[in-house]
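Read through the structures below before going on.
Look at the two complexes coming up: chain A is in both, with chain B in one and chain C in the other.
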Partner chain A sequence: MRTRNLIMCSAVLLMCWTAVSLADEEGAFVEGSASVGAHYSHFTDNPVRVGEYVNLNATKDLQADMILNLFGGTDNTLYNINLDYRDVATKSFEFGVDTKSLLAADFRYGSFIHNLDHDNMRNLQGKAGGKQVYNTDNDPMGRYFMEYEQFHGNIKVDMPFLTDGQVTLGMSDQRKSGYKQAMSIDHCAFCHVESNAQRVDQQTRIWKAGAEGSLGPVSVNYDFAKTDFVDRANAPEHRWKTAMHPVKGPIDPVSGLDYVAEFGSRLGFHDVTLPYARTADNDKLSHSAGIKVDLKRAGTLKGSYTNTNRTNYHTGIEGKFDAGALGYAVRLTPKMRLTGKFLAYETKVDDAFVDLPLFRDGRGAGGLDFDWNRISSANRKVYQGDLNLGWKVAKGKHLKVNWRYQIIDRPAMAQSQTNYVFDGANVGPAGIVETLPSEAFENKTTVNRVKLRYDSRIGMKGNYNLTYTYTGVDKPFMNPTAMCEESLIGTGSAHPGGTAAGRLYYFQRERFGNGSNQASQSHKATGRASFQITPRTSINGFVTYAQDKNDELNIYQYDRDYLSPGLNLWTAPADQILFTLGWTYNKVKSNENICIPIFDG
Partner chain B sequence: MDRRNFSQKTPGSPLLLLWGLVFCLALSTGALAQAPDDFAGAEACLDCHDDMAAEFSRTVHGQLADYEYPGLAGGCESCHGAGAAHVESEDPADIFLPTAEMGNDGTDLCLDCHKTGHTLNWEMSTHAESDVSCLSCHKLHDNSSSRALLNGTEEDVCFTCHMDTQSKFQLPSHHPVREGFMTCSSCHDVHGNQFQEIAAGETSRDACLVCHQQHAGPFVFEHSPVMEDCMICHDVHGTVANNLLRQNEPFLCLQCHQPHFHSILTGAEGDFGTPGNVSDRDPGYAGLSMTSHADSMKKVMLTKCTQCHQSIHGTDLPSQSITGQGRALNR
Partner chain C sequence: MNANLTATEKLSFFAEGVYSLSKGSATSWGDVTPEEDHHFAVSTPDYDFSKVNEYSDLEYTQLEGTLGVNYKLDKRATVYGSVNLMKLQDDQEYVYGDLTGMIVTYATGMTVGF
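Presenting the complex of A and B:
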């Protein structure tokens, strides 16, 4: 914050110096507007739903507000000052100066409140047999919010000795502070969900530098950015309780069995205080370069390359992104324009080996090793081609046809699922014959998209456009084998309800159903029209209809219909008075398959 | 009429390509620039067009430094070409009018100077492909005090075409655009981005991470759709469901997951002030009480998945169960 305050002070001083020093110069001018007012807000019930961005601390009294816009300069310099003050936490300030385009600087500061939900967890109370779910809210009256403060500063300096040469320096500083609800769960005997207020003190600072220039038809640019993210608040901690039998407690009162040892051996940790809801500090380095060659009548050629590297400070895990793009745009005829683009990128995140304690270590039929190597589902190679043809059919009428072909090749589509495949003939410690993480499945997605758009004027006072998009996807993103469990009954000589019943308490069985809300086929049509009734009155409307389906899921067909029409009336009876009236209707209908596994009760 | 070489692009050929290269290189040195005598100077223009005089001098275009247009005239003639003949004859036919005489409202003319920076990717942008011109959003005359010479506020300009998006910002959960704390360009590169059409950042996910760095990771325990595309779960412009979710929980989650088997259990009627033997033996459970009824387990297990799976955007901390391999995202 110290740096930002320093920069803010410098910006204000620069602003004052600029305004004062320019006031006496020849040709100096200043124009602007100022308004002072007051507002009052009152909320009942759940203010977050209707006042998500209202400073609820400033709703008890009448709040003065002020808007100031100044624009001034001389023959050589222009500056603007904009201030919007609504309350102590909701305000923005901007200052910009441009000196003969030789030096241009822009500074912006703003803050606002984002109110967050407080879940009272009333639904989390249930008991059925030995299964019990409890909740504890350690901050029942807490109001959660985050205050966003953002500062942006950019300075652009022209390089007169280089055609179109410019050097830019920029800095962005965002701070989020406040409290949010953090919930933790332990499953040591019962499910116990506990809620606490978590302090948030996050800061994202981005430093940017760039250079650009051109020589004849060739224009180049280079941009560098370094992003640092840190959360200075300590992660909350939770006491995971002692594992035990949910009904009989730590020791079987009859047999004397040690349930702490038994149930504890199934868990990675218990009877310990540990952090949770920890935010991962990280940084990101980015280099990006682009080149454009203006071939005039032969078109425009564009190429670019970007490399980024992001590191998680807590774990050291790195993610790398490399991308290259080529594009070509040409006017085939004065009325026809063709664009072709190709993009290829690769994302590679370090593998992470997850070392877990042995399951039921030292106990009968125990000692199973569940260690695994996490292959990031961010990993992928993507190849994408676009062809676009724009045709000016007649004056005021334009037709666009776009085709996209995309391949997303991943080593693993989803990492959230591992299936334990039982050998029914040999159910026991060796009965788990295989685990099937999603790497075993087809993870390559192919996308074909065709888009048609027609724009037209309606005389001199109106216009409309119609757009139709078809998207066909082979193997859309899904959670493979995520739902619907195979029955073990009849799969082998040993009935799982018999000697091997214990298996059912521990493992999820093999699942075969794929789940997704992504479409394998999508039709989307939109229409929009505007008409100016009088010079001061206009009406416009739109409608969007989409029909999606996924017929590649093996257990059901996902369908989704979306309809949203809207109508807006705009009228300005005088320069300072504007009325707008809008109506929008939204309807979404989708289906999904819910598989509820039945075992252990 | 004397005009600059703001020619409309016609079918290319190798010769044209060669000619273009030679011409552009020559133009960059000023070799083909028009003779100074053809130019009248901005003051001559504003003698007649005095209604534009004050406004124009207060715009960036009215204050260009000489080095920004080597070999060419500044002021009005930067865009309208040499005006001496027009000053002499006062005939509109003797002055170059880009919007009338060039395709796409004279966008090619703008790009002659605005080659780099924001507009480096313009030709490949979705807006350019849709025949959107510079003047669709910018107003060059009589507009000196507007930011970036926009024809209104940023939202006014964008929502002229994107009305369906404007309506989404009116829904209960939305990004604070209508409150004025964000603008469309907070997330979109309206002049084109080298990779993801108009979304800022390398991927659309990176555009979200600019403000939501806490979800960036990379984490040990991932939630795959978070790594794939934020918009699998979120509709970023606005939704009825809270937190910009496309659907309320648990229905959103159940599109890709099955619920726990506990959701079929029948709850027990009555108040359970003492949770049985366990509370007597572990102080961690002391004082807990609850009310259960016949549907309680269904409410617990089929209401809100993120009450237990809180770290839904990913975490480095393993969850408790060994058979779950630490990947339950509840820590």
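Presenting the complex of A and C:
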């Protein structure tokens, strides 16, 4: 960072020297202001939330500060320099130059502190009989924060042989460093929650290049971007405890049963220290191209294509994204305009093979293999069409109608985890019943949306608009096996390759309840208005009401009502006094089914 | 609120402030009891959810204000002084503990226009 600061200071000096030199030329001008001062801050009680973006390390100490705003130019060149230095971690600098005909460039640098909260986990403690939840904070006095630094630079060079021809080169360097809170849970899920400080030292660099221009009625553009992300900090570590009975301990005091061997054979790992909350290094490469054809009276045609590839260097998993879009706009009458858009994209991430140790290896009815192939929930193909009609009904009155039809095809909609489905027979704990990995319950979600908006002026002093949206969704995203388990005792479900194992209830969860917070039907209405009461007083207000429901779930109907009105008043009783008053109210009424886990779920 | 007062040709005062009150709450879950015992005999489902909704209780009062004075030395140069107050009152403690706090900043300096 010291090298970068030195470069930045040198750049500032060079630019100021350039500005002064340019000001000597004929026709040159320079204007602006410079402030130099000092400030002193102190805090009481907890400063983290009230000073969310205050550098607390710079408080209780006198700090020098400086602001410089400079704007100048000559007949052919304009430039600006803006500098704001508050303390060593809170500062910004900007430089821009435009030669009007050949080159334009801008550079920005900024840094600031973001203070983060510390969850004291006091809501995670309690005990009732053998049931308990407790927490351990290994950094109870820890103060968490992130320091952000960003540098952006762009250079545009004109291509005079094309209309609006331009080549753009850009670079962005973002750094995020500090400490945050990272939590982990032990084998018994939320029974024991542990918190540690996690060091963060992340850097994201983006290189961009692009070109655009027009030849007659045809305009084209191409953009390239490469992004890489690294986290140089080590992930925090957690000691996963030795598996044992939650109440009786490692050895049963009566029967002598070895609970370490028994419970350990059901876990992927125990009695080991491992890293967690790791952020994987990755990179992204993207290309996008577009074309626009002006068909004169027949309208305008647009098309674009984007291809993006991502690589996760920790897992080796790659993701691809391809998108294509077409658009057409035409003026049907002098007061009516119609646009149509079609968008299609596909996200495909490599499958991840989940390689698990054999379940209850070496123990009775054990040795079962639960390896499975995880299909990414990000995978999808989306097709979307939009029709928009804009109609100028009268002077100051507009009506817009939008219809959207969307198909989302997800191969993993029902496969958030492998689920072994009982086939319906009931042969008891000693029998063998074939069970199969789950298949997609449903892949395709279809969305129909109609949106109406009416805008109107209220005389010369106000305006209002009304919007109504209806959305109908067939098979909204849900987890079909989200909740509520059937007992395995009495059903005798077993792994397909093994013998009957009544103890498989830890894995063989026959959940049957659908879960979703997505609506299958939604109505939403919004009204907004603003009015100038006097030349010195104006008022604006809004109200939004939405009613959602999902009646496609098998064990309950999801409902959600949302109401949000708001009012803002602005008044200036004198030229130098301004009052603003704002009020916003939100009310959400919703329902949810829960299945409360009791030890084994 | 934002106000400027020019006392004399050279002396002026300025003040600005923002006060906000944010409240949030959720209604009670009501009487939550298992509908059916699918598996083991849960003979004593003694879980109490009557206060779970209170996790959503939030009440923040925030005040930020600045009082300042400018004095013109000449047409281009001005010296200034100001005090800024940021105060948050947390009346419904959440999982992050009591977030009540206050920061006061005193600033002075000189501005030159060109």
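As a working rule, the second predicted complex is superposed on the first by the 459 of 601 C-alpha atoms of A that agree within 3 Å, B and C clash if a C-alpha of one lies under 4 Å from a C-alpha of the other, contacts with A are read in each partner's own complex, and residues count from 1 in each chain.
The working rule: contacts are C-beta pairs under 8 Å (C-beta built on N, C-alpha and C of every residue); 3 or more make two chains touch, one makes a residue touch a chain.
These numbers were taken from a predicted model, which means no experiment stands behind them.
Asker: Is it chain B or chain C that touches the larger share of residues in chain A?
Answerer: Ranking chain B and chain C by residues of chain A touched puts B first.
Asker: Under the stated touch criterion, which partner chain does A:Val50 make contact with: chain B (first), chain C (second), both, or neither?
Answerer: both
Asker: First (chain B), second (chain C), both or neither: which does A:Phe370 touch?
Answerer: A:Phe370: touches chain B, not chain C.
Asker: So in the superposed three-chain picture, is A:Asp65 touching just chain B, just chain C, both, or none of them (first/second/both/neither)?
Answerer: Only chain C is touched by A:Asp65; chain B is not.
Asker: Mind working out whether A:Ile577 is in touch with chain B, chain C, both or neither, as first, second, both or neither?
Answerer: Once the two structures are laid over each other on A, A:Ile577 reaches chain C alone.
Asker: Now for A:His118: first (chain B), second (chain C), both, or neither, which partner does it touch?
Answerer: So A:His118 only meets chain C here.
Asker: Between chain B (first) and chain C (second), which does A:Cys484 come into contact with in this model arrangement: first, second, both, or neither?
Answerer: A:Cys484 sits against chain B and chain C alike.
Asker: In the overlaid three-chain picture, which partner chain does A:Ser35 touch, first (chain B) or second (chain C), both, or neither?
Answerer: Only chain C is touched by A:Ser35; chain B is not.
Asker: Is there a shared patch on chain A that both chain B and chain C touch, and which residues make it up?
Answerer: 31-32, 49-50, 117, 119, 121, 123, 128, 484-485, 594, 596, 598, 600
Asker: Show me the residue ranges of chain A that touch chain C in the complex, using the header's touch definition.
Answerer: 30-51, 54, 59, 65, 67, 117-123, 128, 484-489, 505, 576-580, 589, 594, 596, 598, 600
Asker: Inside the complex, what are the residues of chain C that reach chain A?
Answerer: 1-6, 27, 32, 34, 38-40, 42, 45-47, 55, 62, 80, 86-88, 90, 95-114
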